[in-house]
Amino acid sequence: MPTLDRHDAVFVLDLGDGENRFHPEWIASVDAALDEMEKSEGPRALVTAATGKFYSNGLDLEWLAAHGDEHLDYVNSVHGLFARFLSLPLITVAALQGHTFAAGAMFSLAHDFRLMRADRGFWCLPEAEINIPFTPGMSALIQSRLTPQTAHQAMVSARRFGGREAAAAGIVDQAVDEGALRTTALELAQAHASKAGDSLGTIKTRMYAPVLTKLRDTTNPLG
Amino acid sequence: MPTLDRHDAVFVLDLGDGENRFHPEWIASVDAALDEMEKSEGPRALVTAATGKFYSNGLDLEWLAAHGDEHLDYVNSVHGLFARFLSLPLITVAALQGHTFAAGAMFSLAHDFRLMRADRGFWCLPEAEINIPFTPGMSALIQSRLTPQTAHQAMVSARRFGGREAAAAGIVDQAVDEGALRTTALELAQAHASKAGDSLGTIKTRMYAPVLTKLRDTTNPLG
Amino acid sequence: MPTLDRHDAVFVLDLGDGENRFHPEWIASVDAALDEMEKSEGPRALVTAATGKFYSNGLDLEWLAAHGDEHLDYVNSVHGLFARFLSLPLITVAALQGHTFAAGAMFSLAHDFRLMRADRGFWCLPEAEINIPFTPGMSALIQSRLTPQTAHQAMVSARRFGGREAAAAGIVDQAVDEGALRTTALELAQAHASKAGDSLGTIKTRMYAPVLTKLRDTTNPLG
């Protein structure tokens, strides 16, 4: 389960050391961590990180297969997670130390900045390969954060981007040596902690208004 | 007239060896080829190619001048061609061996990928020079596939991009030696043939929903 | 106060030699210059330039503090300035010789092309730092001209881009030696003077229709 820690002004949300898929309890735990963080005042920023081979593999397809009747509620809760991150009133940095796939990759795009380990691990949207179309909300999120060329290639060809390729394509902001990844993420977050506040929240909410509308359309999340 | 051929899983649509302008019969012939292709099942992908000096020079202005009363129907049919390509449920690759101008350039943008001969030929939107404004649908198509900076430069300055410049600007995915162009296109298409299917169609349809809406607005195609 | 000059087909609008903030009289003076320019016929283009340390520092916050009751009218007049530039029926080139900040930076984005002095001066959107959220119209303008990654970084982190960094990020089209800046801008404008006319106006108006709608929404400019 995700855990929240704090270093000076920077909160660190550890997503776990497994595949870190979005089980309903995992999502509830992330939401609780954000609730706790939002109670604090003053300069603050957020780093999300994980340990092991995966940053996150996205949707919990196993749980979903066993709970088909809760499909729409589940999609809405994932959309809600993306929307919440996309509009957080503080700077968020994703430290991608391992595989970042599917909804895990989308989750990373809902952060302000992404750093990725340079030598190992892939960022990938495999949906076209595994025959799961992106929801309109997911599509809008991805397209709002990548250039048209990169979004198209990532979404229709399921290309696996290594760290350096992801940086070259503008998917992540920087590829970093494994040993320096978490420190670099903490420093970047610390440098922008003073920007936390309502203005930043308003800036992000206005920038991504059409995406947030789609992600929060709970009556018809599958389009 | 365009002809359809097949190599393993890859269909090759040859656009012709002239200027390959969009005469109504040329459009009907492309549509018929797509109809035939869509009847097939299993892994498949599409390469469009041409021979000679031109990939395509776009609208058939000569025919249009002689059929002014069919102007709107003609624009709608061109928009329909773009919309159909943009949402085809298989991977499409344009092999640009020669000049790719105006609506020919837009047609290339409706493909998933573009490869362009490196040493000769231009990709160009001359509309600002010849005083033919882009329709809202054309504008939306171009802007959905290029970065804002590239779209703006291409659309207001009528810049002619050579192969390497087009690759650097993200207009095409790769500039390729003339001798390797068709082979590279076939290999790229073959590599993604397994992605053909409804999911891919849905992915593309959702990605470009606002563009498709404009291209299919047959009541007011000129805005 | 801004002054209008002419060199062959190129109008040069000098924004001033101070901070060149958008005082209401400054805006009226720019509008009058554009009115005069639009009376001319034939090939023409526009360069905006300034002298001294600043290109423009944006909103006149001092005037605004003293005229709180005119806040909405003032925002509408700034939005109107952006909208007018964004849709001018001729090619516009901003020659950024000095600091280009906040609404001054947005003003530069409403031009067709931007050239920036390479060795000194910054292009910056400090809004996230000074707690002034972008209006929806401003946000739409910025996001319509920059890649998602660059827009996001510029808007949430208030990064100061030097000339070479701004060119690398696609914010400006070229970083130029100080001595060559105005000449290069004049040459670029002259090269495209023949494109002036209604078609170019229509092309730009259609490209930025959603942005123009937001900038011209005078009933609710703050969202």
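Chains: A, B and C, in written order; residue numbering restarts at 1 for each.
Heads up, the rule we're going with is that a contact is a pair of C-beta atoms (placed from the backbone, for glycine too) under 8 Å apart; a residue touches a chain by one contact, two chains touch by 3 or more.
In this text, all values refer to a predicted model and were calculated from it rather than measured experimentally.
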Arrangement of touching chains [line / ring / star / complete / other] = complete
Self-contact between copies chain B and chain C, residue sets same or different by half | different
If chain A and chain B share one sequence, what is the angle of the rotation that overlays their CA atoms, in steps of 5 degrees?
-> 120
What whole-Å value do you get for the distance between chain B and chain C if each is reduced to the mean of its CA atoms?
-> 34
In chain C, residues with contacts to at least two other chains = 147
Quick one: which bits of chain A touch chain C in the complex? Just the residue numbers, please.
-> 91, 112-113, 144-147, 170, 173, 192, 194-195, 197, 199-200, 202-204, 206-207, 209
Touch list for chain C against partner chain A, complex | 127-129, 131-136, 139, 143, 147-149, 151-153, 155-158, 223
